[in-house]
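Going by the order they are written in, the chains are A, B and C; count residues from 1 in each one.
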Amino acid sequence: MSIPLSWFLILSAALFCIGLFGVLARKNAIAILLGIELMLNAVNINLVAFWRYLDPAQMAGQVFVIIVFAVAAAEVAVGLALIISVYRRRNTVVADEIDMMKW
Amino acid sequence: MTPVQIVFILCAVLILGSALMVVSTRKLIHAALWLIVTLFGVAILYAILEAGFLAVVQVAVYIGAIAILFIFAVMLTRRELRDKSPQLRKNWGAAALLGLLAFAGLAFLVTSQPGVGRTAAAMPDGLDTVQALGKSLVSPQAYLLPFEVVSVLLLAALIGAVYIAFTRKS
Amino acid sequence: MVGDIIEKLIIWLLPLPPLLSFFLIILFTNRKKALSHRIAIGAAGLSWLGSMFVFVRALGIEEFGKTVIESTVNWLPTGNTWFQVGVLIDPLSTVSVFFVAWTVLMIFIYSIGYHNFGQPAGDHDIMGLPPHGATVQDTKGQKHKVMSVEPMYARFFAFISLFAFGMFTLVVSNNLLTLFVGWEIMGLCSYLLIGFWYGKPSARDAAVKAFMTTRIGDVVMLLGIAFLYSETGTLSFREIFRPEALRALVGKITPVFGLSAAGLIGLLLFIGVVGKSAQWPLHVWLPDAMEGPTPVSAMIHAATMVSAGVYVVLRMFPLITADFSGHELTPTMSVIAFIGAFTAILAATIAVAHNDIKRVLAYSTISQLGFMIAALGIGAYVAAAFHLITHAFFKALLFLGSGSVIHGMEHGVLHTGDHLDPNDMFNMGGLRKKMPVTFWTFLIGGLALSGFPLLTAGFWSKDEILADAFGHGRLVLFITLAVAAFLTAFYTMRQITLTFLGQPRTKAAKHAHETPWTMTVPLIILAVFAVSYGWVGIPENFPVIGGIVPNWFHEFVGGTLAERPEPLPFNIVPLLTSLAVALGGLFFGWVVYREVKSPQQDNLQISLLKNKYYFDEAYNFLFVKPASWIAEKFSYLFLDRTVIDGILHAFARTALSLGHIFRNYFDKPVVNGLVGDGTAAVVKASGSGLRRIQAGRIQYYMAVSLAVFGALAVLYYFLLA
């Protein structure tokens, strides 16, 4: 493979920062979760790149990625369930309006 | 410019472009669909990186399950009027700044490491990544325990999600 | 040798059985009447046995007086030496122990009958008041009242046991300290026993009066003891009476009236005796002490306690007469003689006007003690000792006899239902037929008291006193005592005539009957002594019968002194005077009073005499009222309420105002306001300011945390890495 490692890393950094922007700047709670998904994918890219470029014989990289998949899935499931529950109660999915835990 | 690099660049453009669409489009359902495109691009990337199993799992789990879940959630929390209003918060500028700064920092960090521009060595002969991955996931000396713990985590998430979202018909 | 050790041990143990009896009765057998009196009489019997043993042994000792039985122990360490206490049996204490043991035992036995042991419990008898009789039904269904048993029966025996302990201690002790201990114990028991029926206010007052009056004497006596100890460094009799010690005491002149130390100490000790033996001016307590039960009057106020005073003068005789040469009386002795003679005649004059059978005997006791004191005042040692012992016997006999009479009268009162004073002689009369044993023994006692010649002990002892007074040329004293002896015989015969002779004057007297054997047997035994004891002291040169039996008493008791006193040559004048006053007094008493049936017919009911020369009223005015006034107005209202309470209230107010200041000027503003509320306000303000950070919006949190994290990472990278 002739692609330098740094290309993958910069790509994942960019993806991560786009996801970060999405998390910090979007109103809708589901959109925030979308941003989180982007960030997780960026992490995955990083992991796989490092796996391939440093030691492909060691399966730790891929195992880590699989675990990240599972965690992301779990998190999305629970997060969306929470959002739906909150939506039923307060009839809103705007994150700024869900501010009950405050002073 | 080797053909692989060109493929990579195209893939990167796809990913980043669709990611930008995810975070900026007004209609949420479009954002979910753009997410599917992004995920697909990441799967291609996995394939370039010779992690075939992961590419397939990406498609099957992320696109097939998580993205579908997003679409369902969007459908369940849809409000007619809300889709028209701007979807970015008032301080999106500060967020963008933060994001740019983060990117700058990360990029600087990455490129300042020695040996980061190297190319990948060839895959070892006879390494069947899928088989090796499978063995490592089920062998106690390898990653059986994290595997089982993750399955417990999924169970807990499952129960939790059901419990949280459950409506009691009163 | 072994005999000596046993002897000394027995002497030490003489006071012990009554003391044990006291504790046993008080602690354990207070509810059981029979057991209590058995313990008491057993104890008195044991002491009696010991006393007789000691008496017999002492009789057999040669030159007894120079050699004595003495035993001491080291008791109190005093610097380099020890203060020793011990027991001493010399001739004086031998005869004293003899009469004390006999009279105590007789009175204990008498008390069983006096307190009506065996009779039913009274109808409404309560502890603290004399028993009032019980109603019994006989076989025919008829109800009549009989005498009831004393509710506080066991307590009485406990107290008289304690008293016996005190008297024995006093008699056997060899030093002034344990003598004083016995003295005070008897004073306490006197108080307890006079006030035995504590429910009667008159008894309570009499007990306090007795204690207070004797206390005055006791304080002065203690001064004398202290002075003696400081001069000689010892209180043991044998050591004080050594010739060198006595010379030193005589030689030292004190600033008090120019008396020598010996004279001053003698005077101070004598004042204690004035209190205890009820001499003028401290005589006022003895008549009132008749409020106690009759055995108490007999024991304490006739036979033993008041005799203890005379015993002390007898004991300290060498000290009192240390600077006496035989002619001119020393100042101390003059005082003693004067008080003794004055008291003798004063009390005799009062006795002729009183109608209570016990009061007459009380004044008679005071008068007879005056005789003994007067005798000692002129140096008639043996005569005084002789009269002391004979008086103990016949006066105890007379008191017990009067108790028997009163019992008989009370029986009559209960039978007839009359409410009259059973003690009043004018309610009696003709009792010689109803109570023969009492009559004959009382008569013997009365004759002994009057000095009936030859047959009674009183004659021999009284005659010796008069002979001694005359023989040494103390004519004023002689005449005074002779007049007092006449009055004695007179009022005694008055008493006997009114009580026993003639016809019963009331129905109660008609129904009187003789008392049980526990009361009459002691009377008989004491009567035997009242008759026979005189014969051990017949002077050698008495006409006709003198010399048949040696004057054992004179030889024996005279040996106590360093120089045995010489018997006086016989003189007919005192003998004739003695016969004249005794027989004359008896005759006149009988003649005058056999016609008198009521107080109105009695010419001698002079109010001055009936009111005892108003001494009680004078003391009340001079001493009691001022003391009450001082206690009320000065000690209580002024010192206690105004001064002491005032100081305490001032302290309280100061503390309160200090507290107020601290609270309002320090606690509230500084501690509460500044420290407490101030801190709270700061926390509250900062909290309300800082809480706005927690806006509840997640994206805000995330942005902030990312910014901070980034900043920290930059910091880390540039500064540390």
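FYI, a residue touches a chain if its C-beta (ideal position, glycine included) is under 8 Å from a C-beta of that chain, and two chains touch if they have at least 3 such contacts.
Quick caveat: nothing in here was measured; it's all calculated off a predicted structure.
Here B-C and A-C are compared, and the pair linked by more C-beta contacts is A-C. Chain centres computed from CA atoms place C at the largest separation from chain B.
For the pair chain A and chain B, the distance between C-alpha centroids works out to 6 Å.
Centroids of chain B and chain C (each the mean of its C-alpha atoms) stand 121 Å apart. Annotation: 115 Å between the Cα-based centres of chain A and chain C.
Within chain B, residues 89, 91, 94-95, 98, 102 each touch two or more of the remaining chains.
Multi-chain contact residues, meaning those touching two or more other chains, occur in chain C at positions 699, 703, 706. Within chain A, contacts with two or more other chains are made by residues 20, 24-25, 96. Within the complex, the chain C residues that touch chain B are 699, 703, 706-707, 710, 713-714. Those residues of chain B that touch chain C in the complex are listed here as 89, 91, 94-95, 98, 101-102, 105.
Interface residues of chain B, counted against chain A in their complex, comprise 2, 4-5, 8, 12, 15-16, 19-20, 22-23, 28, 31-32, 35, 38-39, 42, 45-46, 48-51, 53-54, 57-58, 61-62, 65-66, 69-70, 72-74, 76-77, 79, 82, 85-89, 91-92, 94-96, 98-100, 102-103, 106-107, 110-111, 116-121, 123-124, 127, 129, 132-133, 135-137, 142-143, 146-147, 150-151, 153-154, 156-158, 160-162, 164-165, 167. For chain C in complex with chain A, the touching residues are 691-692, 694-699, 702-703, 706. Of all residues in chain A, only 20, 23-25, 32, 95-96, 98-103 touch chain C in the complex they form.
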